[in-house]
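Here's the structure we're looking at; comments come further down.
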Amino acid sequence: MFEKILENVRIKTPLVHSITNYVTVNDCANAILACGASPIMADDQNEVEEITSICNSLVINIGTLNERIISSMMKAGKKANELNHPVVLDPVGAGASSFRTKTSFNLLENVKFSVIRGNTSEIKAIHKGSGTTKGVDADVSDAITETNLDEAIVFVKDFSKKTGSIIAITGAIDIIADENKAYVIRNGNALMSKITGTGCMLTSLIGAFCGGNSDSILDATAAAVCVMGLCGELAFEKLQKVDGGTSTYRTFIIDYISKMNTETLNGGIKIESR
Amino acid sequence: MFEKILENVRIKTPLVHSITNYVTVNDCANAILACGASPIMADDQNEVEEITSICNSLVINIGTLNERIISSMMKAGKKANELNHPVVLDPVGAGASSFRTKTSFNLLENVKFSVIRGNTSEIKAIHKGSGTTKGVDADVSDAITETNLDEAIVFVKDFSKKTGSIIAITGAIDIIADENKAYVIRNGNALMSKITGTGCMLTSLIGAFCGGNSDSILDATAAAVCVMGLCGELAFEKLQKVDGGTSTYRTFIIDYISKMNTETLNGGIKIESR
Amino acid sequence: MFEKILENVRIKTPLVHSITNYVTVNDCANAILACGASPIMADDQNEVEEITSICNSLVINIGTLNERIISSMMKAGKKANELNHPVVLDPVGAGASSFRTKTSFNLLENVKFSVIRGNTSEIKAIHKGSGTTKGVDADVSDAITETNLDEAIVFVKDFSKKTGSIIAITGAIDIIADENKAYVIRNGNALMSKITGTGCMLTSLIGAFCGGNSDSILDATAAAVCVMGLCGELAFEKLQKVDGGTSTYRTFIIDYISKMNTETLNGGIKIESR
């Protein structure tokens, strides 16, 4: 599966406009290039509308937020909406500071996101503040496990219905869903949490995959999650052979993104539809 | 030695708040993760107090200084002081511009630092301006060598007494001291100066080690210096086998940080107490 | 050839002041160190004049432009001109947004650049707005190929005459020229376009090489272009042996910069003078 998704990225080489943090920005740019797309990082309000206009998708990542770039995120997001470009939000650290939580709410109010990707805490923080917790809303209290999976799927589908965005909660088990359909993905490796940027790189890949597949946002997002997780597994296998540590692991993950193809993906994908 | 220091970092996984430069920030985040701690980079004044409150230590690095983040450094530093969190200063380039030198003085006046780490020039620049050079103060005029070591130790202890901070001067020979006790460390490799960020990564490790050992700041700082130096040695050995250059060297250094344990450390540590 | 150029960088270890983007800044710093020079990144207007005064050259790269750093670029550029330091411009994305194009023009009006390096689109965007397109000016409409090479050389020499800067257009075929002499260089590998920062790193190397050879700007620029291209070739060869991907490729490129010497350069250089 996802043959077409991968192929479209390689053939169309979508331009991905990213307004992102300065910690992992280099890894994000290299991940976007590795999968066959092309990155443009631009965060000044004097140019973000023009830059996003020549791109195929927009990624907004609040990892190192400041007031200057919030207005750029708003401008770029609105322009991308006008142009029907896929827009992806990574609410890094939402819930960790009120500044990040409030900014996430502001973004959600002003920009229509095609995809929101975060870990459980971040998605919960956004969910809580978005006015959707009242009444009978599903809730998810912890990391997603086999035990609370059914419950979590209901929560994600429900939140997707309310936001109109594909919701991707990633962790040991990933759930990617719209209001009707959820993909459960079990690729990945625990060591991925020991390098900075695996989440940000995944969001960048989602931006790239959606940019090349704007009519299949759910599948494009799921495909990106599978690719990232599988690259984490393949890199871990190779890492054992060279007796490497976490920095070599990072290098190998990006290497495998650049070498990914349908055959490898089909051989390693662990996905079910619910 | 330092078994407990290392163990505490791995067990407690301290959160390290870093306000640092955009040149080496990714390496710093990965070094913090590699040693078993967890990094948060946040530099906006709207959130630094809240972020530092959920952390275990704070690292302030002035590598790419600008006015916006100076106020964030002040706010975060004062808050961390209130909460008795260890605060580490890396006065990158103090002495190279009056902006950096003055900012270092301002920081020293407003924030109580647990540790100040720099090379000889940076520490001298801070020493000069901190009003401690008058009278009979010890001075150190050059890089630390076996010849001027005794003199340098007196200088470092003396400066520690005046600032109330652990002082760490690092170079070919490292001195880490409080007013009573100095560690002299001879780990490291000359090639470390051919990659950017070894100093910044070391400061980050100090932040992580102090975050997990807030009651043993001197030993935590010395342990971090030993780990960084030994990783530089081990990485150099491995580099010869693969005929690599400086970028592979950087990768191997972080790899060894992630693989460091008490046995390896005890096997390679070159430290004496004076 | 270029023995003296390389040797001067290693012997003089020029300090290179860089005001550059946050995407590839770490790679740029490591490339500068790898070739034997020393980087200082500083972008605040409170210190750029002082910092550039202690350096040997200045690199201005507009990759992630914002208003704050434009004034720093102006100040640093004027100061470097006063001191007769080589100043190198990388107009990243000129033509992609009017903000970048206009800023490039402003920089060109206020600062005298020793070297301007870009891809064909960027150089064309600058050329167009610099008032040189009227009349009989040579023009270059596409990527440089063997077919339009003669035409392109005339264009580059002509543009160099008008700006008084060495012009370096890099791509599959590189042209580096002043008004009288052009070097055509055919080193490099197509995979270089699949990692971020090869252009930025090249510009940084040019800054380093010019900093160590301020009386031979044309040759220093050509040497840097040859070194970068050859490292791309050598890294590609080694990459095949380890079955690596794009991130390992980046590592190997910087490795080879750090291991470059006259013998290797002479053995692989593909340059002609026109």
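For reference, chains read A, B and C in written order, and residue numbers begin at 1 within each chain.
What we mean here is this: a residue touches a chain if its C-beta (ideal position, glycine included) is under 8 Å from a C-beta of that chain, and two chains touch if they have at least 3 such contacts.
Computed from a predicted model, the values in this text were never measured in an experiment.
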item	value
Type of chain B:chain C copy interface by residue overlap (half), same or different	different
Angle, in degrees to the nearest 5, of the Cα rotation that carries chain A onto chain B	120
Chain B-chain C separation of Cα centroids, rounded to whole Å	34
Junction residues of chain B - those touching two or more other chains	22, 26, 250-251
Contact set on chain C toward chain A in their complex	21-24, 26-27, 63-67, 93, 96-100, 194-197, 244-248, 250-251
Chain A residues touching chain C - in the complex, by the definition given at the top	22, 25-26, 29-30, 33-34, 39-44, 46-47, 50-51, 54, 68, 250-259
